[in-house]
Amino acid sequence: MIIILKDNPEEKQLENLIAWLKSMDLDIHFSQGENTTILGLIGDTSAVDIDLINALDIVDTVKRVQEPYKNVNRKFHPQDTIVDVAGVKIGGGNFQIIAGPCSVESRDQVCQIAKDVKAAGANLYRGGAFKPRTSPYAFQGMRSEGINLLLEAKKESGLPIVTEVMDLSHLPLFEDVDVIQVGARNMQNFELLKELGHLNKPILLKRGLSSTLQELLMSAEYIMAGGNENVILCERGIRTFETATRNTLDLAAVPLLKTMTHLPIVVDPSHATGIAHLVKPMAMAAAAAGADGLMIEVHNDPPHALCDGAQSLTPEAFTDVVKAVNAILPHAYKG
Amino acid sequence: MIIILKDNPEEKQLENLIAWLKSMDLDIHFSQGENTTILGLIGDTSAVDIDLINALDIVDTVKRVQEPYKNVNRKFHPQDTIVDVAGVKIGGGNFQIIAGPCSVESRDQVCQIAKDVKAAGANLYRGGAFKPRTSPYAFQGMRSEGINLLLEAKKESGLPIVTEVMDLSHLPLFEDVDVIQVGARNMQNFELLKELGHLNKPILLKRGLSSTLQELLMSAEYIMAGGNENVILCERGIRTFETATRNTLDLAAVPLLKTMTHLPIVVDPSHATGIAHLVKPMAMAAAAAGADGLMIEVHNDPPHALCDGAQSLTPEAFTDVVKAVNAILPHAYKG
Amino acid sequence: MIIILKDNPEEKQLENLIAWLKSMDLDIHFSQGENTTILGLIGDTSAVDIDLINALDIVDTVKRVQEPYKNVNRKFHPQDTIVDVAGVKIGGGNFQIIAGPCSVESRDQVCQIAKDVKAAGANLYRGGAFKPRTSPYAFQGMRSEGINLLLEAKKESGLPIVTEVMDLSHLPLFEDVDVIQVGARNMQNFELLKELGHLNKPILLKRGLSSTLQELLMSAEYIMAGGNENVILCERGIRTFETATRNTLDLAAVPLLKTMTHLPIVVDPSHATGIAHLVKPMAMAAAAAGADGLMIEVHNDPPHALCDGAQSLTPEAFTDVVKAVNAILPHAYKG
Amino acid sequence: MIIILKDNPEEKQLENLIAWLKSMDLDIHFSQGENTTILGLIGDTSAVDIDLINALDIVDTVKRVQEPYKNVNRKFHPQDTIVDVAGVKIGGGNFQIIAGPCSVESRDQVCQIAKDVKAAGANLYRGGAFKPRTSPYAFQGMRSEGINLLLEAKKESGLPIVTEVMDLSHLPLFEDVDVIQVGARNMQNFELLKELGHLNKPILLKRGLSSTLQELLMSAEYIMAGGNENVILCERGIRTFETATRNTLDLAAVPLLKTMTHLPIVVDPSHATGIAHLVKPMAMAAAAAGADGLMIEVHNDPPHALCDGAQSLTPEAFTDVVKAVNAILPHAYKG
């Protein structure tokens, strides 16, 4: 961390600052220019509060040199992490497609789509039991019953399941779930992240609507700091001024995250665009850019889906996407 | 709700759509132009899923005419709601200042600042016991012990207290808290909002970093739908491309929200700007624009605050802000 | 266009509105519901000012059904436009790579890079003679001399050239330029667009930093309305809250624009990301998503480039990008 | 400027960098930590290209300590600049209201509104002769004829006039105009800014839709670098994800700009919100926050205005705004 002081810092305040920094076991490299005094902090600065130092009268600016994350940092863990989901590997060259309906609606629906997406080439099955909905009057998901139906679909299809948790009090219901998904709105639900850190189960962490990549990594750091190393990141679009698509898919995040972290990164083109006919080209683009997987909404009857129908594919359309993605994969960016 | 169909809609699909709409107890007003067919839905459309209709092959666009919120809607509740916090009224012409430290650090600190802000003219006392922090390595708040210290400060100062809840499992600790704050990151924590709807206690709901005003109102609707009518909205800045301030304070939200809802609206210039010297002018501007109150961070020793020091005022500076705001108030916008 | 009136519109005002709409040669389809009155405007509404109607007391909301653009609209021109640049075709299945230095610096530099990028597989040569720079103290380009050097590079390499115009008063200097580029900051320089509409020369129109896709198409419409049909669109990243990349590349814009317009669309991964190592994966992703071409910065000595060095590739790195893109192309999204 | 090098920088490259920096007349303060080497550049770094240095292999990060602007910088010019417009002073405690119609439509209209706004208390008259319109089919302004009508209105009312230039080739028509306005879309039309720098006439420079405050100041620096010191800045809203208002008025920009620059700052609540009933509260808030003036759209017949009717006030409503603002002014923030 580099602290640039204002011109002619008050002597006493400077002493206080230095004493305080030393109390945090930091060495200080002092460098005095004509007008500018610079303090270089040497040691582990990940716990130093940059805003606090910025608030001091004598400080002009503060700049981190080290990243504020450790466990997720590729610098300290150069190999790709490979997350093993009931034998299905993601990351480190293993590309997987997670597919399924936005929300679980019935036993027939959930089992039928599981078979359909498996036949089309999906390796993981997703479905929403708990649904975060903007309106209190919209369908809120089948909740615990939905999880049971997903587990039945797993038994029938053999596909491991991915489903979203909305509150930490529901975690006991997720015992047999293979991957717990943290939705965009919960990316900074820190109490939930801490709990997930104590599980020994893969977590799929979606980027928040207005979260920076660094914030996404800090949230993954919360989970890893608790001891759970099985984190899969998911880019699913950010909120911008453009309203032609539901969100703006930030695909450059994929290769950039790969330089920052060793964790696998999947892309959700369905939520990112909100438009069914954009799922295919964006899935292909994500594969080309080096993503470790995709998360795609598939519904046997999109117009009657109880939520997010606008972005769902039929099993036929999904089959076509899988083929197109598989043709791209051998030529994809490897980093 | 208005549904505009594509040219020459397929007959069978149109029949299905109409049957489905009628099954939701909606009347349909059918209007056929040369190239354009329009369906006007008459009845309560707040539960109709606009995305779902948009997904239909035969539909070009869908547009809501009615707002998707009811309880918070000023149309159905023209009088301003006045929230009573232990005798301190907010809204309907009652302007209140909520002040206090970002986080509770010690008994001495929290009691001293309470006295200071009361002397300066604050009517409600805020302090963070549970702190949402981006980094798992940053100070996470004194938690339950912090709430106890706030309650002591309340006893000593007589000021009702406002403090943030981070997870619904902590709610039992908030029994004696006067106002429960929902932070920006939890604005769409729908499980938490539902629980708060069953309490009989004022809720201060902060706007999310990238939440639209309609989404803010929908979150308030979650609370009111549960029966709790004591909701105070808080504008605290949104995330934009501008990095000169921490967030961009959207002050036009205040008079605009007042036309949309009857709920009181307070403004938090401290978090919105993240810069101490901008708190005063933005507090004055918020008062001028017709806000029902302010939420301001005050610290007896900003440079040593354990979080968010950069935006905290000293008690002296806060006293100056209160005076400036009080000079504006008689001339403020009344709607 | 659909106009939704407020409840119980004032009779006289409604008559005035209808008379005014009829004066614009529009037919009106009148539809009266219980609480809602809807006017459907039939005819060419592209010249109707939607904001003006919105301002009327009796109007609740106005919604366009037709797009406000005609010449660029794929509805009225279903075939892909193929722009012919001195024999090099872009669009309609013809994929081209435009490459070259950010700014022209010397005869040697500009001729050497032209040979290098041609050898690597580029079909068009770009270089900045007039440079838009945020600071008045930064290098502003070699200007007319730079254009002369580009023309020499064209003669030596045989590659047609693309270069940016900054002001319409400079247009006479561009007579021998093959493609005139309109930069992001000039996307809504309407006086310039009108002039370009009178030329018979391909125009490469870059999307503005905060321009919607509809605004991009409206700017293309300005050029086409003047009679010039040779417009190439360019997605080059938009400004968002994320600062890890210079801009956020909106790749979903490519397949979405293809449904809106018949014009070719190229992608500039260099400016979109501002980071050299992201150019390759984003070029590959753009090809996969169905772009008609790429625009890539190449410099023989990036660290000494007079501008935008951070995002430039060496000729060797560029050669590698071309190979990777060529491997993707046979499998790319075709729409 | 602070340059932080990567660990173990390559010796030869470091020598090259140092030689190059010295060639720009910069002194270098060298500071070697255990893992981190820092170069402090001493001297005038305003012409140093930060992106270029960032591109070097051996460089980790670069950080400016000095602002990249000089003439507009309050550090070098502590007193407020007062711009004198034909005897009407703006800045340094002088608050002025600029009012008038969005676009000039007829002699009668433009002269009538001039009298009306003067009677209400406006001191400067604005009106659009050249109109930047998103659509080529929308009314483009009366152009040179419109300027003549404005000059007649000036003669009749005695109010100095403010009108927008859209292209530098039109500048000769602006000889008798009192203040030349640069619209948001032209804020980075650098060729135009350079020309305006050679005039001896006040320039009102509007912030671009997605321009940072630093970019706004750099554009003002373009004008001042040419010798023209009469620059008035204008905050008029920025583009964000929120669509409830046309733009998001960034009012914190006012007090923040005042610490960065000595130039006067006016606020345009009409364009910022796009909603007539928000003009009054935002005008009041801007006054409270310390703005040096306001720019407000007034129309004698808003529903028939040829553009931007939705945000225009009637003369009566404008009179009410002026009174409300005048009540705030004695209590406004003074810095």
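Observations on the model:
All chains are identified by letter, namely A, B, C and D, in their written order; residue positions are counted from 1 within each chain.
The definition used in the following text is that contacts are C-beta pairs under 8 Å (C-beta built on N, C-alpha and C of every residue); 3 or more make two chains touch, one makes a residue touch a chain.
Bear in mind that the values here come from a model prediction, so they are computed numbers and not experimental data.
Compared with chain A, the chain whose C-alpha mean position is the greatest distance off is D. Chain geometry summary: the mean Cα position of chain B and that of chain D are 32 Å apart.
The centroid of the Cα atoms in chain A and the matching centroid in chain D are 39 Å apart. With centres defined as mean CA coordinates, chain D is found 26 Å away from chain C.
Counting only residues that touch two or more partner chains, chain C has 210, 239-241, 243.
Taken chain by chain, the contacts link every pair, so each chain touches all the others. Residue ranges on chain C touching chain B, taken from their complex, read 2, 4, 27, 29, 31, 33-36, 38, 40, 42, 60-61, 63, 65, 210, 239-241, 243.
On the chain B side of its complex with chain A, the touching residues are 46-47, 49, 51-52, 54-57, 68-69, 132-140, 166-170, 185-186, 188-194, 209-210, 215, 218, 221-222, 225, 239, 274, 276, 302-312.
Every residue of chain B that touches chain D in the complex is listed here, in rising order: 210, 212-214, 238, 240-245, 248-256, 259, 272-273, 275, 277-278, 280-282, 284-290, 324, 327-328, 331-333.
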